[in-house]
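Structures for review follow.
In the two complexes below, chain A is the common chain; its partner is chain B in one and chain C in the other.
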Partner chain A sequence: MTRNYGKIYAGPQALWLTVFFAAPLAIIVAYSFMKRDLYGGVLPQASLEAYRSLANPTLLSVAWRTLWVSFIATVFTILIALPCGYSIARSGNQAMRLFLVIVPFWTNFLIRIYAWIAILGNEGFLNDLLKILGLRTNSVQFLYNQGAVILVLVYMYLPYAILPLFSTIDKFDFTLLEAARDLGATRMQALMKVLIPNIRGGLVTAVLFTFIPIFGAYAVPLLVGGKDAYMLGNVIADQVTKTRNWPLASSISMGVTVLTGLAAVIFAATSRRTAQHVVEDSGIGPLSATAGIPSGGQA
Partner chain B sequence: MKGSDVTVSGISKSFGAFKALKGVSLEIKKGEFFSLLGPSGCGKTTLLRVIAGFEEPDSGIVGIDGRDVSGLPPDKRRCNTVFQSYALFPHLTVFENVAFPLRLKRLPNRLVRELVMKHLSLVQLEGHAEKRPSMLSGGQKQRVAIARALINEPSVLLLDEPLSALDAKLRQRMLVELDSIHDKVGITFIYVTHDQQEALSVSDRIAVMDQGLVLQIGSPQQIYENPASDFVARFIGETNIFAGVVASREGPFATVECEGLGPLLVEANGEAPLGARVSVAVRPEKIRIAAESPGARPELNVLSGVVEEPIYSGFQTKYIIHLAGGGSVTVFRQHANWSEGVPDLKWKDEVYLSWSARDSVVVESDAVANDEVVNGAARPPAP
Partner chain C sequence: MKRLLRAAAVLAALSLFLGLSLGLGSCSKKGDEPKKLYIFNWTYYTPDSVIAKFEKEYNCKVVYDSFDSNETMFAKLKAGGSNYDIVFPSADYVSIMINQKMLAPIDRTKLANFRNIDPLVLARSKDYDPDNKFSVPYYMGAAGVAVNKTKVKKYERSWSIFSRKDLKEKMTMLDDMREVMGDALAFQGKSVNSVSDADVKAAEELVNKTWKPNLLKFDAEAFAKGFAAGEFWVAQGYAESIFAEYDAAKRADVDFFIPKEGGPLYIDSMVILKNSKSQDLALKFIDFIHRPEIYAEFCDAFGFPATANVPARALKKGDMWYKAEDLAKCELKLDLGADLEKYNAAWQEIKVGK
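Let's look at the complex of A and B:
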């Protein structure tokens, strides 16, 4: 008789996912369909009130801004991460360079945000430098706008994009680039037509690893963005802590989850169709990737 | 002829302190099937990459059809490469792999289809157009790589050990096929291999390389029958090498006094001045082996010895003979007359070896090799 040990081995993971993923999600789903209690918490009565209040112009404009900022930040992150991953994969001392990519994680992320404030602030290093160089006499307002949010988000999530890109590029057979050049492709054509399609698995992972957490960003827009750069994560936090409308906070959360989930599925599906075997070969298919994504809203 | 001639002159290339090529010069003719043959690590791939434009030589010039192409990038040279590892694009079908160069040129779809199907049929892969490379066997991948390299209609095709990943049977078949493709397309082939059998069987001419140098250039026959040095003689097929000193010269022959063996009469094509230390090379299949002495005749060398080891391999037997004068010799005996009762030679049998002076040659002795092969037995070619 053979016993299905697979189920037993999967036990701890199932328990983990139930306690830390399914249960909280179920609570949020449940809260989103209840009535608000005046001082926080919920009343045990079914209601669609929370979803009705989603259709509110301020909320929709924040949602739109969140999408836009996440999109731009992801694009910049990938554009920077690609050459980084490439150069690490091709360099002689990969271990050292990977180590340097990971070093920032040793510092708490809040501290790293404050470091950016120290750099970009009105009395910050950058303004000091501009004044010393005589380029400016008074301070430039770098902080508290969308640009600052995007800059710091790109900085925060760059390692999450570099690592999967590095690992696929490292497995890439570079003679394929020579073959492309041999067959008449220019350097750029070889990269676009041969490298990119063959590292699609890593690209999908990198995009999901950056887009999803950025979409739920909270601390970065709060600390370097100010009111005009508020994102959905901040609205949710305000609903929980200030307005104390827990059902609304839950329904917005549901919106974020559905939107990111949908975006991930569509993105993964389109990439999978074009590069199925590559994704499978690299072992970092989009689905295994999503399972390990840093949870949204932490930063 | 559609092919180009390729001139390589004085190419040197170092990687750090290591000299991979030390001044290589070649003149390859239009439409020729030219092989670069040498042991692994001798610089064959590096030379091919210099010709293709992947490596910038430290010095020297590559000319195609008399035009200096040094400094041109690979996509601007009219040569294409069949890579050792095939280098097929895994994200594209067989069809799109072969179509890749045409897509870059944005040719219309109808023309692309026509050209791709023509080249797939050249390599007998019409039925596999829609497969991915990962679904093909080694031999099929090889054919796709050849079709893809030919579709741009290059005037020179560079092949880097294209058959080394295939099993022995398939290698033989692909070799014949390559030869017929060469006949059909009529362009220049530069073929890199470390397998002397491959090189001998398909090449018009061969350049034998070792340690970044070209040792000899010639037709397969010239290289086999008249090797320029110990190294070439031993690398191309099995051979017996005797070290000695030139004692006299008469016409095309030299008498070489070999230690322990006495004088041997040998054909001397190159320079063999009196008193020079040289090597004498005799191919194992040129030596007759018999139980009785063939008797003394001019131009016949005769040695005696005992059978040390008979190695039967179906179509022939290989004997290792211990010579009376010391050292040992390898002899091949074909089994053409096997059924006619030629006596079987066994261990410790006394035998006479004889060969015509014309079947042995004086070769330049490599100083280093000399010490280890004084009257040494035939050696298998270096891997």
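Let's look at the complex of A and C:
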């Protein structure tokens, strides 16, 4: 007398996703095809106007800038997260180190941004330090430029990259590295040719978890960015709250959603294929099969 | 066994949750409830002390909800999920709300203190609500320019300060389309409500080519904090924001001025929504605000001049950053309807920056 409880167990999640994900998304889709009401909101008339105004050169240049900032920030995040994840996985007290990675999350997002303003400001800690050390007599303008935006974005999304990388590196069979060294690989070659291909699943997750939220960043460019820090997230917010063009805000959101969705799918698909290639081509198939395949499934 | 334990844990959690919510629910039902007045106002725009006095005098409870822009206020009202009595929109939104038939007419016979309102303010309010049928002015003001005098010694009290290359990246302007475009239009001797393509284009050029290269950023959120921290030395913005960041001792370091060319002016008004259930109490609140001593208390809390209320001027005690007369050359921002699109396009050009 066993009943299948699968559907019942899945119920809460399905309800959650419908109410908080599918329904809002449907509203955005619907709004993007409607006519704008002059004073905010939409008129119940079908229109493609919002999509036509997407092809405007100023909007495209913001999109390009956003893509560029997100790319750079993601690269830095991964470059920092990779050694972090590695060292946590190999350390004796993983729990403590993971705890330290998560601790900043206990503080509100905005407070952490303001903390960076206090560090980087003209009268901030960093400039004070430089002056005390006698390296500078006047302040360095750290804040309100693209560099500050990228720095704070990297800081904000670093844990999202460290955690998936840690979890795949943790499952990696480190004796494979020794085997590679025995077979004549240098330390670097062993890491690049054996470790990296085997943790590709974690890498893909880390890239997606950082790139996608950074692509929609709003508060960071608003607060630490300068006059040229305007990103797509800010355009969308302005269209809703300032210029009262809800259909345009919706169509930009749709564009962002479709683009990131597509990127995620393509990225995940190609990485799985290359991961398999590596397994077949490298001649270490039987060994890496145990370590490589489960991590590939994480994407 | 394990399953039983889990079920017990879930039950315990549920009962705790239910118990809590029931417990909380039960305390609010004691005695007869005082009348409630629902106010929808800008974030901290009426001091708590004023509200407390009103609650005490009229034995009622004021519920103060806040918004941070006219657009979000309007969207929330349109969505319908509200039972507010008094709302504080700016001039352009008063006319929009009148057109959309959202407002109740104001019974002037119940407003003994209406006579305290400056006739000059009433004259200006004719542009959006002739005869003040639906709105009572709350405050008239304008964004100005704050200068850190310890860093900038010599300057002209003009919008041209933003053209100064020697202050490059030491200045900010508001992230607000109508304000910044209005400043540029006023500087060029045009109306801040101009919808002429040539005027808007010239204003865009001025901001984009001459002012923006000298700015650190466009900021309407944190400019006062940055200015007070010495991040930048010249900031276009609202006096009350800067005022809140400086204690009395340090105020001498700051000069706040309304540029001599004028600029966009705003009047925030009190309106009563058509479906308000406490229109009488709402009228009492509006009348209460225009009692001279109450109006003076409101202005003192923000470093405002008593622009809308004449007798309050004699009762004010605190500092103020500008005088009502400084606004003489300013011009009220009006609703531009569909022509707002011209400003949108110009502003996008400026924000994206080419």
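Everything below uses one rule, namely that the second predicted complex is superposed on the first by the 269 of 299 C-alpha atoms of A that agree within 3 Å, B and C clash if a C-alpha of one lies under 4 Å from a C-alpha of the other, contacts with A are read in each partner's own complex, and residues count from 1 in each chain.
To be clear about the criterion, contacts are C-beta pairs under 8 Å (C-beta built on N, C-alpha and C of every residue); 3 or more make two chains touch, one makes a residue touch a chain.
Just so it is clear, the structure is predicted and the values come from calculations on it, not from any experiment.
Visitor: Using the overlay on chain A, decide if chain B and chain C clash or can fit next to each other.
Guide: Aligned on chain A, chain B and chain C fit with no clash.
Visitor: If we overlay the two complexes on their shared chain A, which of chain B and chain C does A:Asp173 touch? Say first, second, both or neither.
Guide: So A:Asp173 only meets chain B here.
Visitor: Tell me which partner A:Leu143 touches in the superposition: chain B (first), chain C (second), both or neither.
Guide: second
Visitor: Applying the touch criterion given at the start, work out whether A:Leu151 contacts chain B, chain C, both or neither, answering first, second, both or neither.
Guide: Neither partner.
Visitor: Is A:Ala206 in contact with chain B, with chain C, with both, or with neither (first, second, both, neither)?
Guide: The answer is neither, since A:Ala206 touches no partner chain.
Visitor: Which chain, chain B or chain C, ends up touching more residues of chain A in the combined arrangement?
Guide: C
Visitor: Based on the superposed arrangement, let me know which partner A:Val220 touches: chain B (first), chain C (second), both, or neither?
Guide: In the superposed model, A:Val220 contacts neither chain B nor chain C.
Visitor: Answer with first, second, both or neither: which of chain B and chain C does A:Asp182 touch in the superposed model?
Guide: A:Asp182: touches chain B, not chain C.
Visitor: Give one of first, second, both or neither to describe whether A:Pro197 is in contact with chain B, with chain C, with both, or with none.
Guide: In the superposition, A:Pro197 contacts chain B only.
Visitor: Just chain B (first), just chain C (second), both, or neither: which does A:Gly40 touch?
Guide: second
Visitor: In whole Å, how close do chain B and chain C get at the C-alpha level once superposed?
Guide: Between chain B and chain C, the minimum C-alpha distance equals 35 Å.
Visitor: For the complex, give me every residue of chain C touching chain A.
Guide: It is residues 69, 71-72, 74-75, 78, 96, 100, 169, 176-177, 212, 215-218, 221-222, 225-226, 229-231, 337-338, 340, 344, 347-349, 351-354 of chain C that touch chain A.
Visitor: In the complex formed with chain A, which residues of chain B make contact?
Guide: It comes out as residues 52, 54, 73-75, 80-81, 83, 85, 87-91, 100-101, 104-105, 132, 134, 148-149, 152.
Visitor: Of all residues in chain A, which touch chain C in the complex?
Guide: The touching residues are 38-41, 58-59, 61-62, 117, 121-123, 141, 143-144, 222-223, 225-230, 238, 240-245.
Visitor: Taking the complex as given, what residues does chain A use to touch chain B?
Guide: The touching residues are 173, 175-176, 178-186, 189, 193-194, 197-198, 200, 275, 277-278, 281.
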